[in-house]
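There are structures below to look over.
Note that chain A is present in both complexes that follow, paired respectively with chain B and with chain C.
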Partner chain A sequence: MSSVSAKVLEIKDLQVRFDTEDGVVKAVEDVNLDLFSGEMLGVVGETGCGKSVTLQSVLRLLPTPPTRITRGQILFHGENLLDVSEERMNEIRGGKIAMIFQEPMTSLNPVFTIGEQMRDVIEQHRRVGKRKANSIAIRALIEVGLEDAEVVLSKYPHELSGGQRQRVMIAMALSCQPEILIADEPTTALDVSIQAQILAIIKHLRQTHNMSVLLVTHNLGVVAQTCDRVAVMYAGYVVEKGEKFGVLKAPLHPYTRGLLESIPRSRKVRELRSIPGSVPNLIDPPEGCRFHPRCSFATEVCKREVPILEEAKPGHFVACHHWRRLGY
Partner chain B sequence: MNPIVQVEDLKKVFRTQNFGRVSKITAVEGVSFTIQRGETLGLIGESGSGKTTVGRMIVKLLNPSSGHIKLDGHDVTHLNEKAFKPFRKRFQIVFQDPYSSLNPRMTVLQLLSRPLSVFGIEKDRKKQRMKVIEVLHDVGLHEEHLNRYPHEFSGGQRQRVAVARALMTKPEFIVLDEPTSALDVSVQAQILNLLRQLKAAHNLTYLFISHDLGVIHYMCDRVLVMYMGEIVESAPTEELFTSPAHPYTRFLMESIPDPDPELTNEIDYVNKVKALQSTYGCNFLSRCDRALPNCFDRHPELVKLSSNHLVRCHNPLKEASVWKRDG
Partner chain C sequence: MGKLILMRVLLLIPVLLGVSIFIFLLMRLIPGDPAIIIAGENATPEMLQQIREEFALDKPLAIQYVTFMKNLLSGKVVSIKTRRPVFEELFPRFLNTIHLTLFSMAIAIPLGITLGILAAAHRNSLLDNFVMVLALLGVSMPVFWLGIILILVFAVQLGWLPSGGKEGFANLILPSLTIAFALTSMIARMARAMMVETLSKEYIRTAVAYGLPRRKVVYKYALKNVMIPIVTVIGLQFGYLLGGAVLTESVFGWPGIGRYIVDGIFSRDYSVVQVGIMFLSMVFVLVNLGVDVLYMLIDPKVRRDVSKA
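This part shows the complex of A and B:
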């Protein structure tokens, strides 16, 4: 499916650094990701692997300093967002590309009502008057399942539940008819039942509005049930990517495999497999393959050489010196 | 032998003040269950359903508004802190968030030797240090960690420290309140394995609180499902997962996105939930797709389906489960 539709977003060779008192954080390394029209791409990996930094780079949300984007391009329909003016960026942000976060409170202003905030955003991006903005807001709220839209509009953020706030964020994003929705752990703080509803809403909207979605999550179940393709990040690198069926049913990278095997399923399992250790500090990351200290397949070459992301099977990429030995 | 924990008709009402208006929240109501020595009892439910409140009442970090708590056959409901102290040593609790539950200004050695002093287990510094090292080994940490502060550890290691602290007094029972909810799945697996090993090695009994059904399935022998402060279902793990009787239990199971992309669990969440409301009827009414006229009029009692399977529902499910992850 993805090979025939158009690329809407291309992240090319992205490298991001943070200058800190303790040293330079090598947060993102040579990340390449494509997003096709109408598709949903999941980005997974443990905390601290560079998922949020990658996504925030797309919209230039990271403050400089301490952030330095030292290499790469972010192409939105061929236009490099890293080069465009701040004015142009403001048009794109929230208009063409919308973003929602794990904690909606951080992006909602506590002293304004939902209505004031939604109308503001809509007026700015859709260039319509107050009246029209209000009716667009109401429609968007109803579309995300907030039936009593007028009541919601009159509320302040703290008067809503976590699930309601996340729906408001989605409605706000949606009301500007974005081509791309970037969602960073949008359901991590929510109960499973609310999570299921939010994901159903995102899936539904993506179909009806032909939106492309870039979804960050550390939950492989969420990816399996919502995305078309998945990219797995470890310590700043994309270590595996491809169609979700390939990556999740026949993973080629020991890290992906480790993540999948860590998911508790049944009491009948005597002991869960887990990945020993934890994500390294990226100021002084391991040489060679950054995963090697935690990998049971690691050999000498893994300590020396960074594995390149190669196409192991059509459309299925992996960065591991030993993927052939993994036995799939 | 006495059940190690027995709670009867527990109720907890919180009084809160909001701009001078006092309101009451009934966080827990009519909760009764027993925990046998050596078992792991799971407690599951959405946030706000009262799980933490139950856990904290058992170890008397909170006093119930009414009802009784018996620990190893002794009614401790009305004991003051001094009289409860011997029980505090035997009945411990570990919280979800290792960031806030460990004093950031204390080293691991200080954190872990404190219970030894407080409970008069060991006063001698040298011997304290040896005991601390022993327990650190039990949880997979080492002597070199003794002088570090909590912030110098990763989330997983910090939770190991929190577990170690609970183990210092050689407890018989531990409430584990979402001990892995803040951790990545890889690190969660390490901690779950550790908790299972420790249980076997030290003959522990757990009350394991979680909102993750996969975690509950892996850890528990028996499960209680809570909804709005009440137990709505109780069954041995196997049975609960193969034949859940309460629509809420099935709803929770269906809500979990399965990591196997070939097993789809699509339900129409947007339209499934009808807006039903009733003051007298079942708490779950507004979210239930099986409601009968009865459900509007009468609050259901917790009734026996079989000797060890209880459900609070007028129209319990009879069909087989949706849980596909087994094996």
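This part shows the complex of A and C:
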């Protein structure tokens, strides 16, 4: 699907810094990601790898200061979102690119009803009156599986379960017919049984509404179930990206391999492996390849030079000095 | 909700009983004989004895307490010093205090909230710094000192306003401003801190992420959340001020309830102090009840908890 469609979003050479009291956090380094029309791209990595920062930069949601976007472009149909006015940005936020968050508990305002919050968003983007906004909200809620939509509209967030709240968030995203849905760990805070339902809803809506989806997760299983392509991030860098099956079946980067090996599998009972060490401190990250202190294949060159992201196979990119040695 | 209010009003009975015993014993622990203080050093033993008998001061404590409570319930407690019914003296003074409190709050609440919210919405701006320095002055300056300065400037130098008394509206202005300055500062600091905290919440990020204009994010989505803690502070201050702003009342010679009770303490007028403190306890409980009702109007979570209970 992706090879023939148009690019809707292009993140180019993005570099993000946080100023903290302990020093400058080098959170995102030269990240390049493309999102094609109608596709679902998974962005995977451990906590603190820069995946959420990258995606929040798209809608300029990070507070400045302390955040500084020091380099790069975020092109939405060729329009650089890092340059546009706040007014234009507010048309895009929700209207063209909608976002749902990890914590459905705290992502909705506790002192307004669901209806009030949804109507405000709909009226903002669709130039309709209150009554029309209400019926749009009801339709969206039904679409995400909340059948008693009118009751839900009159409820406050604390009166709903976590799964219902996340459905409300998705309905809110849906209600303004965005082209892109950014889902920032949408299932992490939910029960396992609810996770699958939420993913199924996102998958379904993406097809019925022809949305492109950027899904951030630390769970490779979620990627395997839902995405077309995947990008793996480590310590601020994209270290590997490509078609889902290429990356998951034949990973080229030692970090991706480590991630895959650390997934528990019930059928084959074997020792569960983990990646030794932990995510580096990004105030003073390792020189060269940021993964080298944890990598069993690291050599001298890895300590000196940052590996560039190169196309190892058609559509499959990797940033490792030794991918040729490691390839399957 | 009606049930909650009824419960809280019924709760007043044990609270007032406790307060009455506590303040009764406390007054008797303070050294000094009311008879001597009221009749004077040169009073004859007969005169002292007469006062003691009249107010049952020579009886055992238990009898004294029962006598007091009987008189209280029949509304006949009499001031040892003036021999007039305490309620007759107390109510006009309480009304004066209410005037002062309401007028101060009418200035301080809108001004404090507006300044605090504006400061938070324009964080680190010139306005923010100016408001915060002013508010710091307001909460650190002793009220009696500010009161004296205001008298010096507006009463003595300029002669625009009276320095004290309670003849008319003009007399209300300086003491109200004195109280309002501290109160405005307190509310502004609180409002700013709460607004800054609220603006970093995830639901605010959601509102921003859905393209709502900043005006709406700050003045609708954040403000309603900020009002919850602000109502708490205002409620506490309201109850506190109804207890009489003793220092301000003293500086401006304002005959409020605070000064009335303090004078009662100085002259060991047991009746005045006991009735006064019990009355203020009741007011405080009722004000808190009012705050809780307000909570229910603002915070849906409280509303639910109440309806469940």
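Operating definition for what follows: the second predicted complex is superposed on the first by the 321 of 328 C-alpha atoms of A that agree within 3 Å, B and C clash if a C-alpha of one lies under 4 Å from a C-alpha of the other, contacts with A are read in each partner's own complex, and residues count from 1 in each chain.
The criterion applied here is as follows: a contact is a pair of C-beta atoms (placed from the backbone, for glycine too) under 8 Å apart; a residue touches a chain by one contact, two chains touch by 3 or more.
Note that the coordinates shown come from a computational prediction; the quantities given were computed from them, not determined experimentally.
Student: Thinking of the overlay built on chain A, is A:Glu79 touched by chain B (first), by chain C (second), by both, or by neither?
Tutor: neither
Student: Output check: A:Asp19 vs chain B and chain C. Expected answer is one of first, second, both, neither. What do you get?
Tutor: A:Asp19 sits against neither chain B nor chain C.
Student: Report for A:Asp191: first if it touches chain B alone, second if chain C alone, otherwise both or neither.
Tutor: So A:Asp191 only meets chain B here.
Student: Could you look at A:Leu259 and tell me whether it touches chain B, chain C, both or neither (first, second, both, neither)?
Tutor: first
Student: For A:Glu305 in the superposed arrangement: first (chain B), second (chain C), both or neither?
Tutor: The answer is neither, since A:Glu305 touches no partner chain.
Student: Go through the superposed model and pick first if A:Glu287 touches only chain B, second if only chain C, both, or neither.
Tutor: Touch partners of A:Glu287: none, neither chain B nor chain C.
Student: By residue count, is chain A touched more by chain B or by chain C?
Tutor: The partner making contact with more of chain A's residues is B.
Student: Give the list of chain B residues in touch with chain A in this complex.
Tutor: Against chain A, chain B makes touches at 46-47, 154-157, 184-190, 192-193, 196, 211-215, 217-220, 237-238, 251-252, 254-262, 264-265, 267-270, 325-327.
Student: Which residues of chain C touch chain A once you look at their complex with the stated criterion?
Tutor: 200-214, 216, 220-221, 224-225, 228, 298-301, 304
Student: Along chain A, where are the residues that touch chain B in the complex?
Tutor: Going by the criterion above, the answer is residues 46-47, 145, 191-193, 195-197, 199-201, 204, 218-226, 244-245, 248-249, 258-269, 271-276, 278-279.
Student: Within the complex, which stretch of chain A touches chain C?
Tutor: Within the complex, chain A touches chain C at residues 59, 61, 63, 86, 89-95, 98-99, 101, 103, 106-112, 120-121, 124-125, 156, 158-159, 169, 172, 176.
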